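In this document, chain identifiers A, B, C, D, E, F, G, H, I, J, K and L correspond to the written order of the chains, with residue numbering beginning at 1 in each.
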């Protein structure tokens, strides 16, 4: 079957591909837990958080699409299937059922903090390998750090 | 913790809740496999299918949000976490790696055909229990059947 | 030649297909006579009716497209060719040449009244056969009944 | 004086007309008490509730217009005058003067809960009499139940 | 309970508050009778009046919201509940049932003429008390006088 | 009954009127066969052709409205009723049922080629009679020739 | 002082310039009498004519700007000053004061009929001299003839 | 013939009517000389002035429409016919032919300065007679003074 | 150097100029402290206040631009430089560092209350000197009083 | 290889094809020198010319696309490759490096003047051969002559 | 009081925080002097510079918001109060009163040149400390350098 | 003649200038060959490729404008004249005449692959010299690599 040729050498393709696949899983799972909290949220700050969670989901979906399309443009197959997310995701767990507003703030502060930390490792890892990929990861991280601040500010 | 009171009696709430949770898993997984194919697609019909798959994803995401919000409005907690999708989804499997255009047409014809069939069971199941839920399921099914036709027509 | 497989059993497919084909002919002919009157209208209420007839035409065109696409999604071939319309349409006749505003109000009150009556038979016929089709026919009927009122109110 | 002829028989027209007139009074009064609370609201959650109440008012106004126009399309005169609302409305009472945010959440949870309950009776009542009217009532109820959840979630 | 402090002294607050509450009742009732006529209208000029009445309703709703928010900004609680409108409104009565186009023109010419007259008294009353409130009343009056002309011109 | 006076002398009015009526039938039938193919299309190029056929239909509808309104502005009654189209149209026949993509390309290449040819005769015929009508026919022909190229290029 | 050089020879520049200046005066005066009637109109058809007159004014203003800019592009100075319009205009006179709807229809039917007749002479005059100018005059005439029909149809 | 009844007493109606008619002539003539300069302008600052003159024309047209509609709403017939403008206008004269940019700045500084001065007299004259009219004149004056500054700043 | 001539006499120019310069400093400093709080805000109501503060900043910026342009249109030079704001502003002080939501509500209630009070003095001061300037100050005050209410309502 | 069949006979196709290819080269080169000047421009009128040059480029690009698509619709292959432009273009030369505003005005006055002259020959040449092509060339010429005036007016 | 935790270590947080605070002061003061010149500008190029200065102000405001929000996302409190700007800003001084167009070009060329120079130091300083911050500073610098060119080109 | 001063030292200015000029030629020629293929394309995938080529052209034009404006902002004159493109471009050659869809896919895969390779050298070359320029080149490369994938995927 035909394959997409890569503008990168094999090593750099591997490094960039791993960073992008890691980012993809983070962002897809963030979009799923973001929606899960958006639906099951309860508490006095319901409306503000309900809306903000949808902004986080939109950010995660846009970012996921960008990193996956970047991966395939480098000749690397992104994998965003449910089983892969369930198996590989490092995004923090969310209990089933209603979740109170204060809990959402605490959990998403942690989830975004950890995701940012993994993204920063990917920024470092791709600096030599592919500055174009690095630039995309910087942009995604910028958005996540902004949401991290705005969730955390509500504690 | 506070709970959302339901406009339905316990039995009807159970029937409608099951139908909506089932639809949620179908639609979330459809949005994930839709994106997976959107990214890894290859073949002469790449551009047409790449764009159509994004329409299917948009339909699935809008539908998933609607059924999940309907569930919580009935006092039932929707569960759209990755592990739940991976465990419960009946949506057909997609291999990792590149996927050829003809294969996409065949696979999504099957996926949509089966999803439509499960949706029609839910329409029947909710007729007595909750006509408001049934009306939403009818609308979602209408969209899926339209995509089913438009994918299948490309065989 | 390939065919579109139907989500309905043969009997139900037949019932839904007949209802949709009937609706298609009604709506296409309504769009044609609506334009005919839009162009040949004369009288003091020219501008109001000229504009309202275009709303009726837009409603009829949107409805025709929806019922035809629903038919093919059920594996039934819609037939909207001029000869078929000329042969099968039950929409009332319109004389050639100028048509006065009062005449337009009278004629379209009748045309819409009769079309609504046929649509309501189709709603009944499809209730068991296909609730998804029935829901579409209900929506189209709602629009036609609204126009029926707004034309009739001008008598 | 001219009258609008009805697509329904006398009995069904009566049933559908009563359901629509009842819905009209509910929705118009909801739009009035929604604005009353929107203006006189006070408390830490002022901004979120102030905005949400305007969404409820918008929903109620759109719904009121739809049910009233549906009534007249059936040849039934809708009555939405202030005296009629004041006399017939079953929507819960709102005290004059400032109203605190917690109170608004409690009162509107009750108001919406009761309105939904009356709407569901109307859905049942019109099932046989007029499926087109029923479909409109289902759509309105869907919106009210969503707002009921989103207000209640803030307790 | 907390209260909104007023930028006006007690006397001026009383004068401005009374003018705004009076305007609120006029505008809310105008929006209700406007819709009542919009729905029950009949006659050859149906479409033109049906549309113009909706412009009047939109004007009345926007104005009502502005005067009520201005009242509370002055520390005065606006009261726009159905019972208050029914009790206090000086807007002319509208019979139930169909209302012919000529009748609508006559009735609304009178309703708007009288409303303008009361608004002009309020403009005078607030000149000393609060020029900011006066400016809002002038703007509302300007809109009402324009509609008064455009309805009356159809006699 | 009143009639529209023409800016043209009788002979020129006749020439321009015939050209416009001919164009009207061509364009209305093109819009009907365009939709017929849009619905019943099947084959690998389904999506591209499905979308392009809708562009042709939009072009045909806009053109039909323009030529019909031009006719009546010249005091000539356009006739766009189904029976007239069925009787007078020279647009090529389309079989009922599914139609394959390659067939659509071939048939619409022929239909557009022949329509363009008739339009060019009308351009010539109206040059002396009415340059304003000629200019409209030139604009319509330009659009048809562009679609003719873009369909044909897919052979 | 600098001058704009013309793409036309002296004779053709003169012919085209005269045609454009004539059209300019017609269109500017049409925009003035259109507004005059828009403001002073009275009668049952007030709203329809009030709106249509504004469409005529918009058409006349757009056309006036186009012909004036075309004149200067040909090195001919357009003159659209009030005194010039008052002195040169051949547009029919309008009495001061209220003007009834039927009168407006009659007067504007005549005004547009005569304007169209002068425009057609200009189309003929410029055919040889400047086809670019002729094309603009054709477009303006097309718009005027359409309005002529739509006003006249209301008699 | 029917007349528009005025919300003002005879004396006040006369004062407001005169002020509005005066403003109407100023604004209509400003729109004509603005266009005249827009077309015949020449010089290095052509583009800036060409665009700014169109802003002045837009301001003048909007203002003219507002003051004329206000006049008729007061039962006073506005007169904006070419002959009336030519006879009554006090707006400064503009020579025919090309006009250099520096000249435009000088002439429009004077025209706007004088118009503002007349508008301020009208503001004073209407203060007692009709505060609603005065408010409109204030708004128009504000716009003219802004344009006066921005033209003058280019000297 | 050239200067902008004023439509006001020297005394009135001085009064209006002082009022506008005072308003300018109030509004510019409000825009700066509004952003300062928008950025450094912390607490459970973070999101609502973060968004509302941006509405206040937008209001202040729009108002500042309007009063400054009005000043120069009167021939008075507005001064909005940082040093001038720092020296002349009477807007309340904001501490550096994080600022809690409750503190923001308290501080901005005071800041807006005091600004409104100064604006009302300017409205009074300019009544005789320049009604056009007064009208602008009334409009700005209206906006500030609305924000004052909406901030204060959150206490 | 497949070819596009032409609606024109061989001779007319040749004439129209030559005119369109000539126009294509003119327009493409105009778009390139327009951008060259847009970037390298210097002088006091920088901003006005910088913006106007982009309008010229937009006009040239739109025109180039239209004439090239018209050529292929006639079965003639347009050639817009860089080497062809460099070889065939008659558009005046532009020196490398900064170019002063006065120089730009002079050069583009000449470039547009010459282009218009060539376009007018093409209009004449295609009159018999293809009125549809002629109409497109007239429209392009109209735009170029307008820009020619507006550049030249700045001398 | 709660604090925002930083994704950066203390040293890097200090470096990035200093760079962002420096950029904030530059951008806020640029927005203030940009408006000051926008208002007090005089000279033949008034309109072009008046508009361009508003583009610079918009750029500066957007940039200021972005760097301040980035600072707080890093746990550093931005300080944009008037006194801080007055004390710390290195942006060049602007005299009070009218400022001629040539002067504005000279002064803003210098202001932007110096600001760009400081921004480039910040880009260098943050390269190691925080690539996400550096990327934002690069984007802001890109915009400032573009404005620097476009102002300077007008000398 | 005046010159634009550079924020870069001479050496860095030279490096960045060369990279930008190289990118400019690549992008301009890509926009020309993209259009050439857009027009002369033939084959079953005509419509998909016709549309995608226009996306490539839009990307190339936007990129060309950005790199050219960046060059002049650095004091380097971009050269985008036809002769320079024809002389310096390294973009692959395209034969005249019809070009089949498969050929387009092959040729543009090669053209984009080679362009990306040259862009990556420029990214490397400018890293030290000017990070602002580098960031722009990264962004352009990202777009080209995405198009490279999407063309190549159709093989």
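In this text, a residue touches a chain if its C-beta (ideal position, glycine included) is under 8 Å from a C-beta of that chain, and two chains touch if they have at least 3 such contacts.
The chain list, named the UniProt way, goes like this: A, B, C, D, E, F, G, H, I, J, K, L = DNA starvation/stationary phase protection protein.
Worth saying up front: this structure is predicted, and the values here are computed from it rather than measured.
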{"item": "Chain pair showing more contacts of the two, F-G and C-F", "value": "C-F"}
{"item": "Selected from I-K, H-K or E-I, interface repeating C-G by over half of its contact pairs", "value": "H-K"}
{"item": "For chain D paired with chain L, centre-to-centre distance based on mean C-alpha positions, whole Å", "value": "59"}
{"item": "Geometric centre distance via CA averages, chain C-chain B, whole Å", "value": "31"}
{"item": "Separation of chain J from chain L, taking each centre as the mean of its C-alpha atoms, in whole Å", "value": "23"}
{"item": "Junction residues of chain A, two or more chains touched", "value": "2, 4, 42-43, 45, 48, 69, 72, 135, 153, 155"}
{"item": "Contacting chain pairs - touch in the sense defined above", "value": "A-B, A-D, A-I, A-K, A-L, B-C, B-D, B-F, B-L, C-D, C-E, C-F, C-G, D-E, D-I, E-G, E-H, E-I, F-G, F-J, F-L, G-H, G-J, H-I, H-J, H-K, I-K, J-K, J-L, K-L"}
{"item": "Complex interface listing, chain A residues touching chain D", "value": "41-48, 50"}
{"item": "Chain F - residues contacting chain G, complex", "value": "2, 4-5, 7, 69-70, 72-74, 131-132, 135-136"}
{"item": "Residues of chain L touching chain A in the complex", "value": "113, 116-117, 120, 123, 127, 134-135, 138-139, 141-142, 145-146, 148-149, 152-153, 155"}
{"item": "Residue ranges of chain A in contact with chain I within the complex", "value": "45, 48-49, 51-52, 150, 153-155"}
{"item": "For the chain E and chain D complex, residues of the former touching the latter", "value": "1-4, 28-29, 32-33, 35-36, 39-40, 42-43, 64-65, 68-69, 71-72, 77-87, 89, 94, 96-98, 100"}
